[in-house]
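Sharing a structure here in structure tokens format.
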Amino acid sequence: MANDIKGWDRNQMAARAAEELEDGWYVNLGIGIPTLVANYVGDKDITLQSENGMLGMGPFPFEGEEDPDLINAGKQTITELSRTSYFDSATSFGMIRGGKIAAAILGAMEVAENGDLANWMIPGKLVKGMGGAMDLVAGVRRVIVVMDHTNKAGESKLLKTCTLPLTGTGVVDRIITNLGVLDVAEGGLQLIETADGITEADIRAATEATIV
Amino acid sequence: MKKVYGTAEQALDGLLRDGMLIAAGGFGLSGIPEFLIAAIRDAGTKDLTVASNNAGVDDFGLGVLLQTRQVKKMISSYVGENAEFMRQYLSGELELEFTPQGTLAERMRAGGSGIPGFYTKTGVGTQIAEGKEHKDFDGETYILERGIVADLAIVKAWKADDTGNLIFRKTARNFNPPAAMCGKICVAEVEEIVPRGSLDPDGIHLPGIYVHRLIQGDHEKRIEQRTTRKREEA
Amino acid sequence: MANDIKGWDRNQMAARAAEELEDGWYVNLGIGIPTLVANYVGDKDITLQSENGMLGMGPFPFEGEEDPDLINAGKQTITELSRTSYFDSATSFGMIRGGKIAAAILGAMEVAENGDLANWMIPGKLVKGMGGAMDLVAGVRRVIVVMDHTNKAGESKLLKTCTLPLTGTGVVDRIITNLGVLDVAEGGLQLIETADGITEADIRAATEATIV
Amino acid sequence: MKKVYGTAEQALDGLLRDGMLIAAGGFGLSGIPEFLIAAIRDAGTKDLTVASNNAGVDDFGLGVLLQTRQVKKMISSYVGENAEFMRQYLSGELELEFTPQGTLAERMRAGGSGIPGFYTKTGVGTQIAEGKEHKDFDGETYILERGIVADLAIVKAWKADDTGNLIFRKTARNFNPPAAMCGKICVAEVEEIVPRGSLDPDGIHLPGIYVHRLIQGDHEKRIEQRTTRKREEA
């Protein structure tokens, strides 16, 4: 296991994830690296959903302009845009469940080669809850996971089978890690792209899941 | 039928009893019924089951009812941000029915809309699905989720007229409408009560039929995560 | 069958039905005589629902002030009040199905002694559809039928069993006819009140349903 | 992503095919997508199934598609007020799936919200319940109703911004939001398209995510039953 290979940093991963988004899409970004994706959409007409009840999420407010009535799903203060609309949580998840959101970009603890995703609890240790993640992975049209390829112990987070409680089964379409881009395909993961300075061999060495 | 009451205590008079199920609006600390929560704390009502997406933080929002041990069970999607909540859950002192956020919102709306059960793909193949009825529609598997009907709903809105028509402000709307809908009785606290006719009838977010009692208050509206950018970034 | 006995006229029936309504109630009035009930609520704080998406229905507009965007469930032009709110059809029937409407006052073709109601079709003859009637009788807390006691042929509309396709089973609570007021009770209908000049014997003679 | 089109014909370009399922907003003649209906008539698309509460009158609203025999089946709650509709149904020329009004609205909302089925008390014990799954919840019997997902939704709103955010006016809102939700593609016609930022974000009735194409037109807005009172009655 090569702990010294780095590949993309957080911002490069976010920039790569932004390439996945198409003009006109409504997109939900999870907490962490996915949040950074917003910085890289460029000229594309992307509308961000915050699942607590908003389409058209804007950037953080200027200091002194924070509004307790305007937060995102990570409870951070944000702003609105000229396209913004607000709605209640039942409507918000209606559009998620109903497949109106084109893509969700989410973090993960583990992804399995069949597309299973685990990102909501570590039994006995960390129990925060699934929040809206189970709804998102079940409902949006395309699920893109952005995460480090290995955990702090250097172990692969791309597994043959998830060991943690699942968020959804067979839900992940594409995985973007610091080492590259992989798709969930027939029989395992398919390598789509390697990060700068990373070889296919590096990825195979860092991956427990089958690479087809 | 006067719906407007003077204080949260008065508005809850006769509505509280041990062991009841309460649905609460709010997401994080945004749009939470702070005065009604405080009044329930002061009333000392025990063994509550509370359906709410979060449980506030340790000393604000529903967190105060966890501190006083008035809550027996939470129906929530997220316990992060509240150390006492997580501690009571992990130690087994508090029951917790983990419910995905969208399923929770829909369960409230369904319960308030005479729908005792609905099918969803959310949670299929996860521990959320265990023990629930599975059913295939058009070749895909869904699970049956139940509507929630609460004994009492407590919600927070921005403005109300005296007939109980409510409007919310920005993302503070969140779970408040579905929570209000699912209450057999709903008490709302608002920042301002205006005379009937002052609100645009096309702009009412929650019609007064869902709101039985009403108070006005000067809300603290605490911010949980103050994130900003510098002006030069603009 | 005494065709010459009259009892209450349409307006008297509506006035009697208005007595059923309690202060603070949200009420749905059907087409025909039920519509007239609005004229007799007096000082009571009653909010009328129109199931096409309105609470706080006002009277007909003055001539020249009709608005095609403001109609009731009978497609008649109406007006709004200071308490009025508008919403979509899914929300409207959510409040009906969810038991938020205290009472519906409806017309009927037939009512059976067990509370069955038929008011939406005569097979092969008259097929208009149930509209919102099935939702109303299933959802509102109290269903009050206002109708003539007998049909044009002088036959009882209060039956042992309905002959027409049902709108709902066991849904009717109270029936107000030109002859009097009857409740659906254990074992049959219970006579609550007789109209002016009508005797219990008149009602029994005009009723096929069991009167307990 | 430009959503604004010049004409109804252009907005429907590439979306119509024989045998498709169309959900239409409107109640009676109020809030109906008149221009889109006319464009479908002109396109001559056949064997349509149309989910709509009513079917207009003989010569206006969906009635025109019945006159041209483009409709194979209606999913509706009410056929009164349209003699041709009733005639075609009674003669067996037109299929009709009678659906209670509230069940129809909820089926559309459900279909658009990823809910393939829900339980309701509406219609239990009537011919509407025949052949449907029955299930007891807490001692009461309910029937299973299916969500509707339409190939195309056609709706009418009052105003839109260019991102497709819609607002409706008074009771012309009716079935338009649930119909829009259930369409795989939704085309909306409005009386006025305003620049983004002109509409209050707290007052949007239907967010633009549900609306794929948009046209502006000068609507006839016919009144079906002109009921008035005299001034001296005031």
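First chain written, first letter: the chains are A, B, C and D, and each begins at residue 1.
The working rule: a residue touches a chain if its C-beta (ideal position, glycine included) is under 8 Å from a C-beta of that chain, and two chains touch if they have at least 3 such contacts.
Keep in mind it's a predicted model, so treat the numbers as computed, not measured.
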> Does A-B or B-C have the larger number of C-beta pairs in contact?
Replying inline: A-B
> Greatest Cα-centroid separation from subunit D: which chain?
Replying inline: A
>> How many angstrom lie between the centres of subunit A and subunit B, each centre taken as the mean Cα position?
In response: 27
> If you average the Cα atoms of subunit B and of subunit D to get two centres, how far apart are those centres in Å?
Replying inline: 32
>> Distance between subunit A and subunit D based on Cα centroids, please, to the nearest Å.
In response: 36
>> Can you list every residue of subunit D that touches 2 or more other chains, as numbers and ranges?
In response: 106, 109, 113-115, 120-121, 168-170, 173, 201-202, 205
> In subunit C, which residues are in touch with two or more of the other chains?
Replying inline: 80, 86-87, 93-94, 96-97, 138-139
> What is the complete set of touching chain pairs?
Replying inline: A-B, A-D, B-C, B-D, C-D
> Which subunit B residues qualify as touching subunit C in the complex?
Replying inline: 1, 109, 111-115, 161, 163, 165, 181, 196-197, 201-202, 204, 207-210
>> Help me check something: in the complex, which residues belonging to subunit B touch subunit A?
In response: 27-31, 53, 76-81, 86, 89-90, 98, 100-106, 108-109, 120-128, 158, 168-178, 205, 221-231, 234
> In the complex of these two chains, what residues of subunit C are touching subunit B?
Replying inline: 23-24, 26, 45, 47, 49, 55-56, 80, 82-87, 93-101, 138-139
> subunit D touches which residues of subunit C in the complex?
Replying inline: 50-54, 59-72, 74-78, 80, 86-90, 92-94, 96-97, 116, 124, 127-135, 138-139, 165-170
>> Which stretch or stretches of subunit D touch subunit B in the complex?
In response: 106, 110, 113-121, 135, 137-138, 140, 142, 146, 167-170, 173, 200-203, 205
